Amino acid sequence: MVLVEQSLNGLQFGLLLFLLAAGLTLVFGIMDFVNLAHGSLYMMGAYFAATFTAWTGSFILGVLLALGATLLLGIVLEFVALRHLYGRDHLDQVLATFGLILFFNDAVRLIWGPAGLALPLPAWLTVPVQIIPGVYYPAYRLSIIIVALAVAALLYVVVMRTKIGMLIRAGASNREMIGALGINIKLLFTLVFGLGAALAGLAGLMQAPILTVQIGMGENILILAFVIIVIGGIGSIRGAFLAAIFVGMIDTLGRAFLPDLLRMVLSSAAASTAAPALSSMLIYLLMAIVLVVRPEGLFPAAKR
Amino acid sequence: MKSQFNTSNVVVALVAAGLVVLPLYSQLTGNIFILTLFTRIIIFALAAASLNLIMGYGGMMSFGHAAYLGIGGYAVGILAFEGIGSGFIQWPVALAVSALYALVIGALSLRTRGVYFIMITLAFAQMAYYIASGMSRYGGDDGLTIYKRSTFGGLIDLSNRVQFYYLCLACLFGGIYLIWRIINSRFGLVVQGVRSNEQRMQAIGFHANRYRLVCFVISGTICGLAGALLANNTDFVSPAGMYWTRSGELMVMVVFGGMGSLFGPVIGTIFFLLLEELLSQFTEYWALIMGPLLLLIVLFARGGIMGLLGRFNRG
Amino acid sequence: MADPLLRVENLVRRFGGILATDNLSLDVIPGELHAIIGPNGAGKTTLISQLTGQLMPNSGTIHFGGRDVTALPSYRRSRLGLARSFQITSLLPDFTAADNVALAAQAHDGHSFRFWGNARKEKPLRDAAQAALTRVGLGARADVPVSELSHGEQRELELAVALATKPQLLLLDEPMAGLGVTESARMVALLKELRKEVTIVLVEHDMEAVFALADRITVLVYGRVIASGDPDAIRHNDEVKRAYLGDQHVVVAHG
């Protein structure tokens, strides 16, 4: 029973991670741009949702407004600052977007204050749902899984089946080519960046009711998204998806069951000391193993 | 190498001299604050100088350098907590553990290049952060207070502000001298050659990654020393001190000063920390200004302060 | 015939579905200048990269000085005495000409884990560098940064760098690429001198240079050897005429 529930939690966390990593890897793949501030967009999505929900009194309306706002913020950000960084050193991009993180964190502190916000769920999302006989699962977490899967499927269709998707894939595997095709690259870039921002915002606002909405919430999860990209292979959406589910599962199940497993081999005291550190290390160890075995990631994008 | 009396050399000499006489000024004016502030600046300058060795000369963009500050600090803190107060034990342990960590992380991270390298060093440093948070015996999230600074058998008293300041300054100057010798040595030329054109270096017979790794370890070890100093300065170590934003700040200090310039990280650190101090006196929300400023500097002043001075000199 | 210095047997390299090197065998005898020619896309650079270890073959073997080097990485092969120049100039742009060569001399010397002494003040390294620079006619340009050298000078520096590793075999990938008439003539004169001292494998498009310099010529088409022999034999080989020189008969006139 617990295993089913924790596995679903792992799946749900993995899907959220995928939404974040997908935007990151798309932006990197097509624009060769590393965006540390991607985590800030995740945070802004959550803050927008909390605020708009409070204003409108409707969770759904709040969420929709927040999605639009994050998309808009992403586009403005790209237009004002980030497009000047394409083609620059990765170091330049890292530093500039690091500056943006500092900015966003303090801007949020100024506007919403240092204490976190709560995003309360409507009553119909708080009830447990019976998924298999005898096993109940929170409706909200279930809806996260459904929404995220739907978005992942939509993303798959867009990337694999549409003209824009073809350009995105072409761009990810051969950047010069899209230039040669005479496409309006600036527009395409802005579009992809906005899409990435909206995905990050969606991940943030969906996570918001489960954890508190707080400053810096995007940073830890951004690093997890990096780990996923390293494991999955840069520029590969499929890789990001599989690695995200994998990491979400390992992290969640590790935290849930590692203490008990350790207790079987260690003394109870030693186990409860070692377990928290070890379970937080788990995915990094996984990354280390992947680096040793396949430095280019498990599912690298098609070779150039 | 060209003229000894160019602008940047004069600035460097003035700054170095200023750092040497600063305790005198503090003593005369009774301004203790400036002494504590600059002790902190000097320690971070040492950390930034160590990062500059791999970033500026080795071309390795490590986003995980704060981990060494934490490791060096925790080595001192944990040993002190367990009753071993002698710096003759604490400090070598701090250096050794930092070196070992750098060896393992470097060997793994150097299997990749570019953005991957940035992400991976960042991720491993985050792992170190979580490990520190998980050490419940040593304070976990809350960190570990160090009740007694490292002792050196009466040779030097670290609780004495001025003595500690000069110890830190000696470490900084010593570290920079060491780095200067290294970058001009056979080893240093190979490392810089690998940064410039790896394929060429392999073709004339150098196993590029071996040199990169050794350089990475040297850098981590020096930064571990800065960590030991920092722990003594604050009498405290905590996971927060090795959070990834700290690594980002170290990178910013290096870039502010000018990557690949020997004294640049010192200038960059002074600039960054003084600016932070100044801004936080005006407003609690200093990062609202620092963040966009960083963006502007990246966009418009790529060579850092030393680069600007160099340009002034040539033009 | 003397034992070959370099022996390539049944080398195969694929890129996706394309056979870039198709069961290729080749011997290089000590002291000869062995030219490899072929139309664009014949797989010449692919071959050189496999010889130096930048690229690994799918199958086949490479012996150098009697030793199987097929699996050795490039830095190990370089230490055994195999040096290359690159088709597209590949130097350390922010270093001076002398630094570039001195690093090669240092690589040959084999002691690079020295952290203290100033390497730029080591006389043996500097002398070796100066000698190699003088050898290629760059003696006066030693302290000029590479980025400020002309294209022709950079090609010469490539050679000096390769020479400074004291190679037994020099693999030159289109040393004349992009050179003007006078520069090419200088390069040919230089290679004529060098061939007296070291075995050379020369990949080159400039037919005039090839026929003037080579002891033996191997012709590659689509990754396969279609002919190998002395310049006269190659010039009169029917298959070569058909497959390669046929559509570039203008070039034959030079020979």
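For clarity, chains are labelled A, B and C in written order, and residue numbers in each chain start from 1.
Assume a residue touches a chain if its C-beta (ideal position, glycine included) is under 8 Å from a C-beta of that chain, and two chains touch if they have at least 3 such contacts.
A quick note: this is a predicted structure, and the numbers were derived from the prediction, not measured.
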{"item": "Chain closest to the middle [Cα centroid of all protein chains]", "value": "B"}
{"item": "Far-end chain from subunit A, centres as C-alpha averages", "value": "C"}
{"item": "Centre distance in Å when subunit B and subunit C are each reduced to the mean of their C-alpha atoms", "value": "44"}
{"item": "Separation of mean Cα positions, subunit B and subunit A [Å, integer]", "value": "31"}
{"item": "Intercentroid distance (Cα basis), subunit C paired with subunit A, Å", "value": "50"}
{"item": "Contacting residues of subunit B [partner subunit A, same complex]", "value": "55, 61, 63, 108-109, 111-112, 114-116, 118-120, 122-124, 126-127, 130-131, 133-137, 244-245, 248, 251-252, 255, 285-288, 290-295, 298-299, 302"}
{"item": "Subunit B to subunit C touching residues, read off their complex", "value": "181-182, 184-190, 192-193, 196-197, 199-208, 211, 214"}
{"item": "Sites on subunit A touched by subunit B in the complex", "value": "28, 34, 81, 84-85, 88, 90-92, 94-96, 98-107, 109-110, 219-220, 223, 226-227, 229-230, 234, 273, 276-278, 280-281, 284, 287-288, 291-292, 295"}
{"item": "Complex contacts: residues of subunit C adjacent to subunit B", "value": "52, 54, 73-76, 78-79, 83-84, 86, 90-95, 99, 102-104, 106-108, 111-120, 122, 161-162, 164-165"}
